[in-house]
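Each of the two complexes below includes chain A, the first together with chain B, the second together with chain C.
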Partner chain A sequence: MTLQLQAPSFGATISSLPSPLTRSTLRFVIRAQVEPTEKSVEIMRKFSEQYARKSGTYFCVDKGVTSVVIKGLADHKDSLGAPLCPCRHYDDKPAEAGQGFWNCPCVPMRERKECHCMLFLTPENDFAGQDQTITLEEIRESTANI
Partner chain B sequence: MALLQSATLPPLRSICCSTPSKHPITYPSSISSSGSGSGSSSGSSSSSSSSSSSSLVGLVRRKTAFAVRSSLDTAATVGQVTEVDKDTFWPIVNAAGDKTVVLDMYTQWCGPCKIIAPKYVELSQKYDDVIFLKLDCNQENKPLAKELGIRVVPTFKILKHDKVVKEVTGAKFDDLVAAIETVRTS
Partner chain C sequence: MAVSVTASSIPSLCSDRTTRLASSSSNLSSSSSLQFPLHLRRLRIRTYGVSAPSRPRILPPVEAKKQTFSNFDDLLANSDRPVLVDFYATWCGPCQFMAPILNEVSITLNDKIQVVKIDTEKYPSIADKYGIQALPTFIIFKDGKPYDRFEGALNADQLIERIETALKVKQ
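== the complex of A and B ==
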């Protein structure tokens, strides 16, 4: 896990003579950017390649999208033990992971080949590329700035 | 993440595997920049105190008070996308007055969110009478995400006069544009 210190973009200054009419406007936000483990990324990478082949689907023409989703799945695998869909919001993540509907491959994908994460795309989808493979290096490079 | 800049890609009408789209688009190479609120949408002063002046009109002394936006936390700049959190969102919305506010609710590892982000920035530059915000729906901001309601990521909420008036679920660019147009002209 890396920590990022994020200062606001505006150039605020702190008065050296505090008065009731002024207050500090400088606020630092420390935002934790959680990275999944490399082991989980590799597991989800292999799973994605395998499932794309099995389902006859293809990765997005922009492999950056594929990479981000694979990392999202890996992140949930690390924290919940199951690859919960990273493109949904949950009230209770552990309960959802236990229930299984949104564990990748989710039920909509299994039943109707619908993947709103754009991880698995049917050939007729305009965003579908030609690949059913993605390397760890591709994942690393395309998510380096996130 | 390096988005393909000059690749011929279909337009971001609707990112949904069942809805193909027709025309090529290009992506800018950078993902949307985030910035906390600075300045103000209505050009009011950034002074931290209110000023008052009094004038004698006939025999009646009238005191004129100018309400000045006193905190950078409650203002968002038009023409760019402002990152908000559970503490800054509602003050910014409250300070928006009659302006339309659009909120992009995203998560860190959502692929379609990354695709639509640069287009969202372009929208913010095009509609300078609309305030564009974005919220990372992480653990920290969960209370706000729950209050606003979200299942599909990304979800766009459109607010006017402090209320959510429209919602677009999924990275559906055309739907988002239509919703913004509807609300800002209402």
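== the complex of A and C ==
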């Protein structure tokens, strides 16, 4: 979510302003972005690495997908207290978090290694890469523009 | 849901956009003593009777970019082409993966289908109405009604194939 205030060009009237106020400096950017805390991201990153190893699954070839999901889990951990699956739409998020079916690792993952978030991919999956690790720097870089 | 107006429905929308810029710049003008031409001030007063009580959020209409519509049903009803709707969430990995693919498909099949993305966290009522559960969910609407529906990420070729199959049965 990004809010931006941008001044339109007025042409002649600008020349009457003091010199520091050029057209480019009249741009005010207010960025209101919902971001999970660094602590939660780190917790979910470690969890993801550990669970991928434990379950014999791999991260996506596109680490951007992995990064977004890890941040989504961290975001839910911050807001709901539990890492609810970020790739679902819920009627009542707190109720779902309390119930637990969709808390990562969710029941479909635990029972059938099915992760539609593309976070934990079985080796035969087309999108599966070779990594079971991901660094905080990779996460930061891939999600810098969201 | 916030109410805002589509570009095609009301001619004064252009003045709305100008109005929004004018009113936001008027904050600047108070600090930098800019004087606005009288016709801009007059526009601002005139559109107050037309727009919703809250400040209208109108973004310039650009192909395959963010727009705010007054009503999803209006969007479906007034569309001249079938509509592919992508229900997504900000922190859903596969949804973000699909973003550039949707852009590409939207350009490739520009005359055949209109691509719309709905943030299910901003518009939960629309997501509930169509029983969205897994994300991303894609629904192809024909004549304002859901025609085809599928979940999960897919690559550009698979998506184009799926869309064209759905469109082939068009009356």
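Operating definition for what follows: the second predicted complex is superposed on the first by the 114 of 146 C-alpha atoms of A that agree within 3 Å, B and C clash if a C-alpha of one lies under 4 Å from a C-alpha of the other, contacts with A are read in each partner's own complex, and residues count from 1 in each chain.
Heads up, the rule we're going with is that contacts are C-beta pairs under 8 Å (C-beta built on N, C-alpha and C of every residue); 3 or more make two chains touch, one makes a residue touch a chain.
Bear in mind the structure is a predicted one, so any value in this text is a computation, not a measurement.
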Message = In the overlaid three-chain picture, which partner chain does A:121 touch, first (chain B) or second (chain C), both, or neither?
response = first
Ask   = So, A:141: does it touch chain B (first), chain C (second), both, or neither?
value = first
Query = Is A:61 touching the first partner chain B, the second partner chain C, both, or neither of them?
reply = first
Task = In the overlay, answer first, second, both or neither for which of chain B and chain C A:105 touches.
result = neither
Request  = Quick one: classify A:83 as touching chain B (first), chain C (second), both or neither.
outcome  = neither
Request  = Pick one for A:113: touches chain B only (first), chain C only (second), both, or neither.
outcome  = first
Message = With both structures fitted on chain A, tell me whether chain B or chain C touches more of chain A's residues.
response = B
Note = Going through chain A, the residues touched by chain B and also by chain C turn out to be 8, 10, 21, 34, 60, 62, 64-69, 71-72, 75, 86-89, 91, 116-119, 127, 146
Request  = Enumerate the contact residues on chain A facing chain C in the complex.
outcome  = 5-8, 10, 13, 17, 21, 26, 34, 60, 62, 64-69, 71-72, 75, 86-89, 91, 116-119, 127, 146
Remark   = In the complex, the residues of chain A that touch chain B are 8-10, 12, 21-23, 25, 27, 29, 33-34, 60-62, 64-69, 71-73, 75, 86-89, 91, 113-119, 121-122, 124-127, 141-146
Inquiry  = Quick check: in the complex, which residue numbers of chain C touch chain A?
reply    = 21, 24-25, 28, 32, 34-35, 87, 89-97, 120, 124, 127-128, 132-136, 151-153
Note = In the complex, chain B touches chain A at residues 1-4, 7, 9-10, 15-18, 20-22, 27, 31, 35-39, 48-49, 71-73, 85, 105, 107-115, 137, 145-146, 150-153, 155, 170
